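Both complexes below contain chain A, partnered by chain B and then by chain C.
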Partner chain A sequence: MTVITKRITIAVIGVFAFGPVYWLLVTALTPNEDVFRFPPRLWPSRVTWEHFANLADNPALARYLTNSVIVASLTAVLTVMVSAYTAYSFSKFRYRGRRSLMYLILASQMFPQALLLITLYLIFSASGLLNTYLALILSFTTFTLPLCVWMLKGFFDTVPDELLEAAKVDGAGQLSAIHRILLPVSLPGLIATGLFAFIRGWNDFIFALTLAGPEKQTLPPGLVNTYLGEFQAAWPDLMAASLVVSLPVVIGFVILQRYLVAGLVSGAVKG
Partner chain B sequence: MSLTRRSLLAIAGAGALAACAPSTPAPPAVEDPLKDDGVKDFSFTAWSLNEASTKDALQSMVDRYAGGSGGKITTASYPYNDYLNQVLLQIRGGTLTGAMQVDVAWLATLAATGRLADLGSIAGKADYTEAALSIGKVQGKQYGIPWTSAGIGLIANKDLLSQAGVTNPPKTITEFESALRALKALGNGVVPWAAMTKVDQLKDFIAWMWAFGSPVVKDGRIVVGDDASVEALTWYKKLYDEKLIAPDVNRFDARALFAQGKVGFYEDAIGGRGAVVKAATDKSLGDKLMPVSRPMRSSGVKPVNLAWGHALVVLQGTGAAAASRFVTAVTGTAAYNSEWFAKTGLPPTTKSALDTAAVKNDAFTTAFTGAIGGFVAADPFWIYPKFAQIESALANGVQAALIGKASPKDALAEARTQMEALTA
Partner chain C sequence: MIRGRALSNGTFGFLLTLPAVVLFSAIVFYPLIGSLSTSLFKQSLVLPGRSFAGLDNFGYVLAHQFWPVLRNTVVFAGAGTVAPFLIGFALALALNNRVKGRAVLRGAFLFPWVIPGVVVSFTWLWIFNANYGLLNGVLVRLGLIASPVSWLGEPGTAMLAVIVAKTWASFPWIMVMLLAGLQTVPAVLHEAAQMDGAGTIRRFWHVTLPHLRGIVGVVILLELIWNFQHFDTIYVLTGGGPAGATTTFAVAVYETAFKGFDLGQAGALGALWMVLLSVMVVVYVRVAER
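Coming up: the complex of A and B.
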């Protein structure tokens, strides 16, 4: 591949990756009356900050943001905890039904989520968990676990068994070997898994809308409920709000992205 | 009997499927769902509690009512586009009670749950117009008390029409077509008619089938695909091919284009005015909005527009009586009616409120009622619980014809087959 071809490829991928973000920014800076102007402009003829200023009028956004951070973070923590032990079992032990269980876990990904929504709603309703953080955390964890288990299993496969055996020879028990040897050397994989779960919890719309109730509503349904309706489509305000509330997460990802890449690549080497 | 790994998996799979099936217990019969149970607290669910143009007004009304009644009103809101699914799920799950705002289009679907209270006993507590009451009925039962009611009809930009030399609103399809051609001749990117061409709003086409003489549903049978409806679709496609209507337009797009002063006609409910005026560059656009009576195939034929409205319903269960008193107060008392109209522009549904100076002196409301609101008929598919899927089948058929995937006749025939299957 020549240098020019590489650059063109990177440019095309860049447009796909950053084009929507750029458009989001441009829309947030465009006055209401120019948003739907045709032909569209790559940069507004007049930049306005009014849509960002409008955010101050909506204290509910801070609540949505807090709810999102709580739900996505706890989903990530729970997912990493459960998937780490499950993946350890699949990776380091050989027992009857192991392979079937692995595929059964993966098969759960094949159910349409809308179908599971009804089931989960009824279960949470019957158990009194509706409109709680726990309902969201449990349902998001349900969806992230299969892929995370497989991701971590691939990662644990790359950790030599000899390392764990050496720890056991030195007197470490099963849990000690996991906690003091396996998990520390698998940190990039754990962070990658956690980030994946976090993104799932952060982005979800329909489960958060259905299970969370008004007080525990997260950002995606909260923003839609605030800016889109029967007679309103406040796209610039929605874009401005999306930009602002995404910033903390983007910064977090920039800091952790080297773990994400390392984790995903390491797990992909041997699976 | 020995259990193999395969059979265990099969049992687990079947169990998972069974677990996924929603439980739909038959609703218990309730003798008088509005019998006072002494409970003053109830919940109120409404999408208007979160829309910028209505939320402050509605919240203040809710707070005032709660203060006066001595009870607590717990509010909840969902985005309009997801509202029906959300409340259906909650009603089926038995977690939703109290009062609820609904689009009148959803009444049959909600009534099919068996959880809506028949509000016939409170329908006489205010002087609601007969027309408004009728859109709150399903199979003769008054499940919804009308809150605002009008229609979806043509709105023109008076200035653009004048520039195009169209001095009188078109009364017939032929005159309408001429007006569209005159608007197109203005050039400068003017869209003569921002008609609905995206599937999500193609239900508007029902009114055009009426305009061409098709009953759409006759004696309980869907007759989409009859000669008149095929003629309507052929006409619609002709306008599409001649670029007199634009591709890929839904209500939001149409409002946005209209707000830029680039559209001659578009179709909307009365509440759309606020969205258009807010987004307009020309701050006098509000004065240029002109509701237009729907052009019919022949002059002298009474125009018909799709009915549109909001109603309040009461769900059976705790606090239903308190919720019904709230519904009566909000929809039927002068103070709440005048406040709601003043702050949102949505017309009331009682004769006395419609006769107030505030309503009568509002030029747009008067013009809208005179040209559109006074000539409405309920969407013929609202009576079916699966009305949304039925309308989607029709919309897909219309779009297939517009983009040339099928002839108008074949497209509507296919649509009717699908629609009939959904009514079974």
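Coming up: the complex of A and C.
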């Protein structure tokens, strides 16, 4: 491609990619009288923060936000713990069934969640876990694990075996070799994995919609219930809420970008 | 550790995977088998008990639900893969090799993919809004339509709208994957081909594409598989409507189970869905192994 065609391509796709982002941003900052008119103004006559103020006045949204923070954080912690042991096993041990196990875990993300939810709902209902954080945390963690195990395995593969062997020779047990040597040297990988799990838990819609009622629901189903039900025409408020929900994810992603892109590529290609 | 007797290395290695194995068994494999087996029973979500129904659910689902849902899913998954692939590929080619500010641009383009799925839906719900929407506003101003169109309210345009929204959310991921692939194409090959007099298009066909074959296959198949089970965008944008025009397998199974409370029919529809998905996953594993 010549430089000109490249620039035109980037510009055209840029309009498609950033046009909606611009509209999201502008609507959230536009006073109601400018929003509800046709054809719409492409830029507001004045900027207002009233829609963000409306969010703060809604106690249900504060509850959804709290739920999201709790559930996504605990998902991150549990995911890091489980995927660290699993990734270490896949990276440094050879045993029968290892390859099948790796493929089974990778394949599990291909099973349709709407189908699994039929039985999951019944199980959680029977065990009294419906409408609890635990139901959400366990579900999010399981579906985040495959990619996290793959990401961490990539990190552990770069830790030299000699380092771990040396620790064992010095009398450290298998487990303390993990906790004292492997995990500290892999800290950036663990943080990246945790951040990724947090984002997945934060973004999830279908599990939180189905397994949690209004008291335990996270922001995504909470916003759907609030703005596509109760306040149907509050578009600027919804756009402001959308920006607020997106903010932590965007920040997390900026930090994560380097690891995530590498993890995605290796996870998809090796899988 | 067990006292007096060190575990052999392999056993210890396997034990490390136990937490993950337990989670997967409880949250994925048992529910999968459980959900598939409900297809053989008459069972309600809200009433206790169930009775064996043989293949009645399959008979009902095949006669009343399956074919339109299959058509919608294929259209959504197909178009929702081709469109973002073409856009992502074009963008990857444009962003490959030294464009000023490439890293920043690449990061910024990821925004639609990074944000929560429901935000993608909210954004497009507002753009497609019949009364105050941006799309109607722009098209009316340009004189392309005479009066506002209810994009999400008409069966003909609702599917198109859903595909546009999903394309917006997917193309960045495809761009990143292909960009990573493009960077593995040795510059020497391009230079040699150029010296032999090959133009841009011939170099693309004979140097770039053969190098990308593996990653292109993986990307297309993964996107197809994900779209085949996609739920969020469709459910929030249209709820499967109007008149079932955007009801894909994910929406149909969800609605049948959690709005219609009929777990038998949901299981039967889900079982048929699962068969189709398995075929795609097998093909994917074959391609990815190469």
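What to note about this one:
Quick note on the criterion: the second predicted complex is superposed on the first by the 207 of 271 C-alpha atoms of A that agree within 3 Å, B and C clash if a C-alpha of one lies under 4 Å from a C-alpha of the other, contacts with A are read in each partner's own complex, and residues count from 1 in each chain.
We take it that a contact is a pair of C-beta atoms (placed from the backbone, for glycine too) under 8 Å apart; a residue touches a chain by one contact, two chains touch by 3 or more.
Keep in mind it's a predicted model, so treat the numbers as computed, not measured.
When the shared chain is aligned, chain C comes close enough to touch A:95, but chain B does not.
In the superposition on chain A, contact of A:104 is made with both chain B and chain C. When both complexes are overlaid on chain A, the residue A:150 reaches neither chain B nor chain C. In the superposed pair of complexes, A:17 makes contact with chain C only, with no contact to chain B.
By the touch criterion stated above, A:196 is placed in contact with neither chain B nor chain C.
Look at A:32: by the touch rule set out above, it reaches chain B but stays clear of chain C. Legend: residue contacts after superposition of the two complexes on their common chain; A:119 is shown touching both chain B and chain C.
In the superposed model, A:214 makes contact with chain B only, not with chain C.
In the superposed model, more residues of chain A are touched by C than by the other of chain B and chain C. Using the contact criterion defined above for the overlaid structures, shared-chain residue A:224 touches chain B and also reaches chain C. Residues 35-38, 97, 104, 107-108, 111, 115-119, 121-122, 206, 210, 221, 224, 228 of chain A contact both chain B in one complex and chain C in the other. The part of chain A that touches chain C in the complex is made up of residues 1-2, 5-7, 9-10, 13-14, 16-18, 20-21, 23-24, 27, 35-40, 81-83, 85-86, 88-90, 92-98, 101, 103-105, 107-108, 110-123, 138-139, 141-143, 145, 149, 173-175, 199, 202-203, 205-206, 210, 219-221, 223-224, 227-228, 235, 238-239, 242, 245-246, 249-250, 253-254, 257, 261, 264-265, 268-271.
Of all the residues in chain C, the ones that touch chain A in their complex are 1, 7, 9-14, 16-17, 19-21, 23-24, 26-32, 34-36, 38, 45, 87, 90-91, 93-95, 99, 105, 107-112, 114-119, 122-124, 126-127, 129, 131-134, 136-138, 140-141, 148, 168, 171-173, 176-177, 180, 200, 214-215, 218-219, 222, 225, 229, 231-232, 235-236, 249-251, 253-254, 257-258, 263, 266-267, 270, 273-274, 277, 281, 284-285, 288. Residues 32-38, 97, 100, 104, 107-108, 111, 115-119, 121-122, 125, 130, 206, 209-210, 213-214, 221, 224-226, 228-234 of chain A touch chain B in their complex. Against chain A, in their complex, chain B makes its touches with residues 5, 9, 12-13, 16, 19-20, 22-23, 47, 50-53, 75-82, 86, 89, 93-95, 103, 189, 252-253, 255-257, 259-260, 262, 271-272, 274-275, 278-281.
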